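Got some structures for you, see below.
In what comes next, subunit A is part of two complexes: it sits with subunit B in the first one and with subunit C in the second one.
Right after this comes the complex of A and B.
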C-alpha cells in the first residue's frame, strides 16, 4: 500500500467520508474523557431516568447521569477495545495463516483443516464459546472476539500466502537457504500486505459491532465501566421512557462500524479491482440518426424498393456504442446495405473487428443492450423493424409484442459461434429445443419434445431419444452445434443467420456442420447468411459473398467470381487463406496490418493504410460501384485483372479451386 | 434408456463385491460418503470442544458457579456429582455415553435436565430462524432479479447506485441494532407490533424483520450481481434468439444459472442467522435458546451452555451439509466430481 494509494482511497468520496468520520472519532476518543469524563459520572438525583431536557439533551439514566456525555465518553473505551480485539485477531490470524507455509506438509494440512472447520461456524458462536472460557468481562470479550475472528482471517492469509509462495522469488529465496522466519517476514508477508490491510480495516468495524453485541448481552464490559454496547443494553430497558438512551449509543455504534467498513471497501477499490464503473464521456442520449459529416456515403442515397422476394433487406444500418468517437459515439457498423433473397446463401466475410458479427446480431435484433441500432430500412422475414427515418431499434425496441416475437421466433433461426457456451447448462437439450414450439406454437410438453427429438434426428444426433434428455455438457462440440441448428429447425425458418458457426470446432467437425447447413438449406429452402472470417469456408457454402471492412461493405460478388475480386482487401483476404501447405497448428496467416479502431477511422477509404494501391484519391470515401455484372466494390482503383496474372498470390494458385477443407485431397 | 441403474441391489443376497463396486462407481454415492465423513469429523470436533470447554476454564468452574462464599464441602460434592474429579479420559467417555443416550447433563443452578431445557427453548429459536430465512429468500431473490433486470447493461445508474449503497449500509448494521431501531419505530412510536415475548403471529414481525433485513439485502445484492453476469452469457443470447418472452428468459435461463452462488450465500446467511437469533432474542425477550445461553453464561451454568453450544454448532453443520447437497444437485458436474 503506497502513499499514492492511500491518497487515492481518500479521494474516493466514500473513502473520504469514512476517513473523516474516523478522524472525528479518534479525536473524540482522546478528548471526550478529559473534557466530559466527570460530567458523565455525575449523578443528578433530581433527574432520574428523564427524557430529553434542556439540561440533558439526550436525557438521563437510572442514576441521573447524562446520556449524551456518557455516549461521547464511551467512544474511547469502545474504539480501544475494538482495536485491541482486531489486533489479537490479526496476529492470531497471521500466525495460523503462515503456519502451513512453513510447517511440514502434514502438520500444515492439519492447520488448514482446523481453520476450515472453524470457519464453518459463525464468528458469534465462536465468540460465545470463548467468552465462556475466558469469563465474562472486557478482558474475556476482547480475547473472545479476537480469537473468534482469527479463523477467517487466517484463511485469507493462507489463500494469499499460497498464491505468493508459488512464485519464483519465494522459491529462489528457499533455494538460497533463507530461514523460515525470515522467509515469512521478508518475502511472504510484504507481498500479501494489501488485502490484509483492507480486511483488517473491515475487521475492525466487525469487531466494534461484535463488541457492542457482547456488551449489550452483558457478557462484555461490566459496570461501573461502560461502552456503547453496555449503554445500549441499559437504554433498551427504558426505551419507552427515554428512547434516545438506547438510540444514541446504537447510532454511535453504527456510525463507527460503518466508517471502518466503508474505509476498508474504499481502499479495496483503490488497490484491488480497479473500479469497474467507467465514466462514460458526455454524449447525447441517442446517436444522430444520420451522420452530419456525410461519413456514410457508402449508404445508398435513397431507399429503393427491395426485391419482392427478399427475406432480408437492410439499408443504412448503423450500430453505435457510447464511446470515444467525435460525437461521443463509435460505429462498429457504419452504413451497411444488404439484401438476401428467398433461398439464397450469402456469406459475410471480414476480419474480426470488421463489424460482421455485430451486423448479424443487429439484423436479428440481438445486439447488445448498450448498442443503438439505426437503419433506413430493416425488413427481416417480412417484418419491417425500422422505418425510413432511422428509428432507433436498440434501446427500447419499438415493438416487442408476442406477435413480433412469434414471427421472428418461428421464421428466423440463429446459429452462434461457440456451441459450448450457447446452450443453457442447467437445462436438458431436448427442453431447450422444445421451448420454441411450446412458446410460439403453444404445443404441449409431449408434442414439443417429440418434435425436438425428431429435429435432433434430422441433424443426425445419434440416439436422439436419449440425447434429448441429456444436458449440454454431455454433448460433444460438433453435436452441440448440430443441436443448435436443430433448434433453428423447430419451426420453418425462412432465414438462418449463422455467426461463425464453425470457428470453435475442429476441422472434421467444421466440415460436417457446413454440410449440414447446406443440406438444411436445400431441404427447407431457407435463405442462409453465413458469417465467417474464413473466406474459404464461406466460398464453400455461399452463392454470394459480401466482404466487410471497418463497418462497411467493401465488395459484393458472386462466389464464382472470387478469382476476379476487385477490392484489394478481398484479394488480401484470399491471400491469407491457408491451403495444404499451411501448417494448421500455427495461427492463421493474416492480412498485414490491423483494421482501424472504429473510434478513429481514417477519412476516406478505411483500408488505405494497409493498401498498396492507395494514393491521394483514396482520401475521399469510395462508394460501392458496379465493377462487373453482379459485382460491386467500394474502391477507387478496383483490380480488374485476373488475380492469377497479378502475382499477388504467394502460391500462385487459382483461388477458386482451392477449397482445402472439402476438396483438398482430390486436388492432387 | 440404456443407462445402468444407480441404486445398489436391495436384496442382501446380492454378492457383496458387486454391490460395493456399484456404490464406488456411483459418483453420487462417493460424494455423499465423503460429505458424510466430513460431517462426522466436524461433529466429533464440535463434541470434543464442547466437552473441553468446561476444562479450559481457568480455575474451578464449580467454585465459580457457586460463588466464593459457597462452603467447600458443597463445592466438593458438586464436583463429585458432575464427575469432575475423575480422570479426563474417563470423563470424556462418560460424556460421550451420556450424549448418545440424549443426556446433556443437569443445570448447575436449577437442577433441570439440560435436554429438557433445550427441548423447551429450541422451537422458539428454530421458528424464528426458519421464518426469517424464508422471508430472506422470498424477498431477496425477486428483488435481486428485478434489480438485475432494471440495471442491466449499465442502465438506470441512479437506481443501481441507490440500491447498492442502501443495501450496503443497511446490511452493515448488525441485527441487534436494527432490532432496537425497529422497537423504537414500530413498537414505541407507532405501537403497531409487540416488542417483547412470543405470543401470536404479530410478535414474530419485528424479530423476523430485524433478523432478515440485512441478510435479505445482502442476498439481493449477490443475486443481482450473479444474474447480471449470467445475462452476459451466450446462452442467454440464444434464449433471446428464440424470442422467448423476457420473463421466461429471466426465470428459466438466467435465474437457474445464478442459483449456485445464491445457494452458497444462502447457506452462509442461514448459519449466520441461526446464531444471530441470540442477539435478537435478547432484544425482544424471545423465549428461545439465545436468552437461555446468555443467562447461563452469566450464571456460569456450564452444562446448559455446553448443551446449547452443541445444538447451535450441530445446526450450523447441518445447514452446511444441506447446502452442499443442494449445490451438488443444482450443478452435478462441479461438486460431485471434484469435492
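Right after this comes the complex of A and C.
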C-alpha cells in the first residue's frame, strides 16, 4: 500500500473523480461562508419567492434570500454535521467492537448479544427514535444518526477483530504480557483498519443523506440555521413555481454523497479489499519456448526419442506467469525434463517454491488459468500435449477438449495434499467416486456405485458399503486420502501423481498411505510420481529421485544412491534433516541464504549463491550431465566422494559451528 | 531458569455431548535447565497443554507449578514464554521486528536501553541487529522464527514452550533453527518444553521425551532410553513409522497388522480401558487374552512402571524383541 498505489488510484477514473469532488467540496466548505455568508443572509424585500433572475440565478426564498448563495454556504454546515455524526458512529462502533476481544468471556458475549440486538433494528428507525429522545435540533440529529449507525459498524469491527485476535501474533502479544489497551491500539486496530476506513467513508455518505432526510422532515437543523436538507424542504413547497430552489440542494446532496462513496471505492481498491481486474499481457506476449537469452539451455538441445515404455515424457517444460521478471514473465518452472516409465515410482523433491507442484499440475493440465505452459515435448499417458516447436498448451488441443479430458481423466490419477479440499464437502464420498465412471465411461448409477464401493475396499477403507454413503467430513485425514486414491483407481490409471499426499498426515498414517500407494502400484502396474518436500519420505517409496531447485531439475538419481548424491544441494537437503540416527553432538548442516525469487534468479547455476563450491564457472548454466550410471546432476562441481552417512558428514557447506547471520544476511 | 511441572492438568472444551478433554490429567515435569520433548500426533493435545501453561486456554482441573509454586496470576504467566508454529502468523505484520521484540522486554528500560536490548537479542539469535527496523514481510520463514525466539527470550522467561517451531519451515532452514535452539540452550541454560510431531526433530534437541496420545502422556523418560527401548507400544509405532533411510517400506512392523483399526479414535468418545487398545499391536486385537486392556485404564498405575508407561504390559514390552503377533 505504498505511495505508488495511491498515485495509481488517483489516475484511475473512480479515484480521480472522488478526489476532484472532495477537493471542490472542501474548498467550498472553507471559502463559501467567508465569501458569501452575508449575501446568503441578506434579505431582499423587493424579490420575495422569485424564480430565476439575472440577480438571483436560482431564485430567492420566501424572505428574498438568494438560493444559490444559501446552497453554497450550507456546504460547511451539512458536511460538518455529517462528519460529526460519522465520527460518533465510528468511535462508538470501535469501542463496542473491540470490547468483546479484551473483556472476559462472559461480559464479551453480553456485548456481542447487545450489538446483535441493536443491528436487528433498521437504522432509520433507530435514528428517528434517538432524534425524538435527544430532542429536535442539530445536536439531537447528530447524536441520533451517529448512534443509529453505531451497531452495524460495531458488528463490522467485531467480525474483523475476532478474525485477527484468533491469530498467533495476538496470542504471542498476550503471552508477552502486553496490556489490553496496547493490544487494541498496536495489534488489533492497525490490522483491521482498512475495511473500517472504507466503511467509514461510505458511512459518511450515508450520514449526509440521513441528515438531509431528518432536516427535510423538520427533525434536523432548525431555523435560522440551515443545511441542504432544510433548503430542500423549503424549496419543495414551491417546486412548481421555482423548481431550482428544490433541485439545487438536492443536486448538492447527491454530489457530496457520491464523493464519499467514490472515495470509499477508491480506498478499497488501494488497500486491496476490492481488487481491480489485472490486465494480463496479451497472448501475443506469450513467451517463446526457447528464448534467445539461454534461459532454457539447461534442457536437452534437441528432443530425443523418449523411451518406448514411457508413460510420461517431458522436455523443456516451462510454466510462466505474468510477473516481475525481466521480460514481464516469471518462470516458477523453468525447463524441466522428466521421464517416467511404466510401473516406475519416481519421487520429486524440492523446497517450497522449487516448482515441483506446478510441474505436477501442468502435467495434468491443471495449471492455473493465468499460467502459460510450454514444452518441447509433453507426452502424458500416450497423449501428446505439446509439439516439438514448443507450442503453448491451451492452443491445441484446447484445454477443455472432451477427448483430452476423458483420456487424462481415465489414465491419469491425481492425489492432492489436502484431501479435505479435494473432495466436494456436500457430496457423499461414494457418489463422488462413482461420478468418474459415470462421466468418463457412461456407466449407470448402480454399476458405478458398486465399483466405487469395490475400489474403497481395495484401498482398505473399513466397511466400504457404509462409508461410501458418508460425507468427506466423516472421514479422518488418512481415510480421506485413501478415498482419494480409490477415486484415482476408478478407471485404470497408467500414472498416479501424488502431490504431497502425506504432508497433512501423522507419521503412522503417513506410513499407511505410502504402503497403500506401493501396493496399488504393484497391483495395477501404474507408474507413481510422488512429490514431497521430505526426501526421507520419497526415498522410502521411490526407485528414482528427482531433485528440483528454483524451477529446474538439479539432480536425478536412483534412491539407493542417495548416499552418493553429486549435487551440493541434494547433499545439503540430506544433511539438514535430522533422522533417528543423527548424531546429537554435532550441529546439523545448514544452507546459508534462501532459494532465489523466481522473478530474479541469478544467471547460471541458481544454487551458486548458497554453494560453497561455487566459482566463476557457475555463472554459466549447468546442464544435467551423467555423473554415474543412472545418475545425472546439473552441477559444474559435482561431488563424487562417498558421503558415508547422512547427517552431519562434512559436505563442505560450511565449517561446523554457528554461522553468523546466515539466511540472507551474509548472502552473496 | 526454574522447573515447570504439570499436575493432573485437564483442559476440557465444549459442554454436553460435544465436550471433549483435549488434555486429560497430564502429569509432566520439565526440570530446570533441560529440554523436554513432547511428541504425539495432531489432536493429541500437545499444543493445548502448552497453551494452558501460558494461560491462552483455561485449565479445567489440575495445577501448573513453577518451582513448586502454583502459577495463577497473570503476572506469573510472563515467566513462561511460547514460540508458535507458524512464523508467518505469529509476528504482527504491521510492526517492525524491533518493536515486536521490544514489546516483550519487561520493565521500562527507556528508549536507548530498549534498543540495546533488542540489538542484543537479535545478535543472540544470529540476526543482524541493523534489521530491527524491517517488517516481517521482508524476512524469510527461518528469520521470522528467529525473531519469534528472540521475542520469547526478551521477556526473560523461566521456561520457553516451543510449539512445532520447525514444522512450517523449509527443510534447508529447519536445520539452522534447530542448531540455534541447541546453542541457546547451551549458552543460556534454557528450560524448554519442545513440542513436535516429528520424533527425529524432538530426539535431536531433547534430554527427556514424553509421548502424548489422546490427551494423555503415555510414556516419558530419558530421550535415549525412550528411543532405544520404548515401553509403550504407541511409542514403538511412532518409531517404526518414522521414515528412515535404508529401511524399506515393505519391511513389516507390528503396527502394519491388518487387524488393527486404521482410524484414530475420536477424542469426543475415547475408547474404554487403554485408549490405544484398538490400534495396539500387542493389545487385545492381536493377543485375545489381553482383555485387561479393554477393561482397565492403565493410566493410574503408570508412575510405577518403567518410563511411566501407560501400558499394562510395559514391563514385558522388551525393546528389540517386540514380538510380531501371529495373525
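Here is the rule we use: the second predicted complex is superposed on the first by the 345 of 668 C-alpha atoms of A that agree within 3 Å, B and C clash if a C-alpha of one lies under 4 Å from a C-alpha of the other, contacts with A are read in each partner's own complex, and residues count from 1 in each chain.
Note that a contact is a pair of C-beta atoms (placed from the backbone, for glycine too) under 8 Å apart; a residue touches a chain by one contact, two chains touch by 3 or more.
Please read all numbers here as calculations on a predicted model, not as lab measurements.
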Which superposed partner A:537 touches (first subunit B, second subunit C, both, neither): second
Which of subunit B and subunit C A:155 touches, first, second, both or neither: neither
A:176 touches, of subunit B and subunit C: first, second, both or neither? second
Partner chain in contact with A:428 - subunit B first, subunit C second, else both or neither: neither
Which of subunit B and subunit C A:70 touches, first, second, both or neither: neither
Touched partner set for A:480, first subunit B, second subunit C, both or neither: neither
Subunit B versus subunit C as contact partner of A:515, first or second or both or neither: second
First (subunit B), second (subunit C), both or neither touched by A:232: first
Residues of subunit A that lie at the interface with subunit B and also at the interface with subunit C: none
Complex interface listing, subunit A residues touching subunit B: 117, 120-122, 124-125, 128-129, 131-133, 135-136, 205, 209-210, 212-213, 216-219, 232, 236, 239-240, 243, 246-247, 250, 253-254, 257-258, 261, 265, 364, 366, 368-370, 402, 405-406, 408-409, 413-414, 416, 418, 421-427, 432, 435-436, 439-440, 466, 473, 484, 487
Residue ranges of subunit A touching subunit C (in the complex, touch as defined): 167-169, 171-178, 182, 186-187, 190-191, 351-352, 460, 462, 476, 478-479, 506-512, 514-515, 518, 533-537, 539-541, 562-563, 572-573, 575-582, 584, 587-591, 594-595, 646, 658-665
Contact footprint of subunit A on subunit C as seen in their complex: 41-42, 51, 54-56, 74-75, 77-78, 80-82, 84-86, 89-95, 100, 103-104, 106, 126-128, 131, 140, 142-143, 148, 151-152, 154-155, 170-176, 178-180, 182-183, 197-201, 203-204, 227, 237-245, 247-250, 255-256, 258, 261-264
Contact footprint of subunit A on subunit B as seen in their complex: 1-2, 41-42, 45, 49, 53, 56-58, 64, 152-155, 168-169, 172-174, 176-177, 180-181, 183-184, 187-189, 233-235, 237-245, 248, 252-253, 256-257, 259, 271-272, 274-276, 278-279, 282-283, 293-294, 297-298, 302, 305, 309, 312-313, 316-317, 320, 330-331, 333
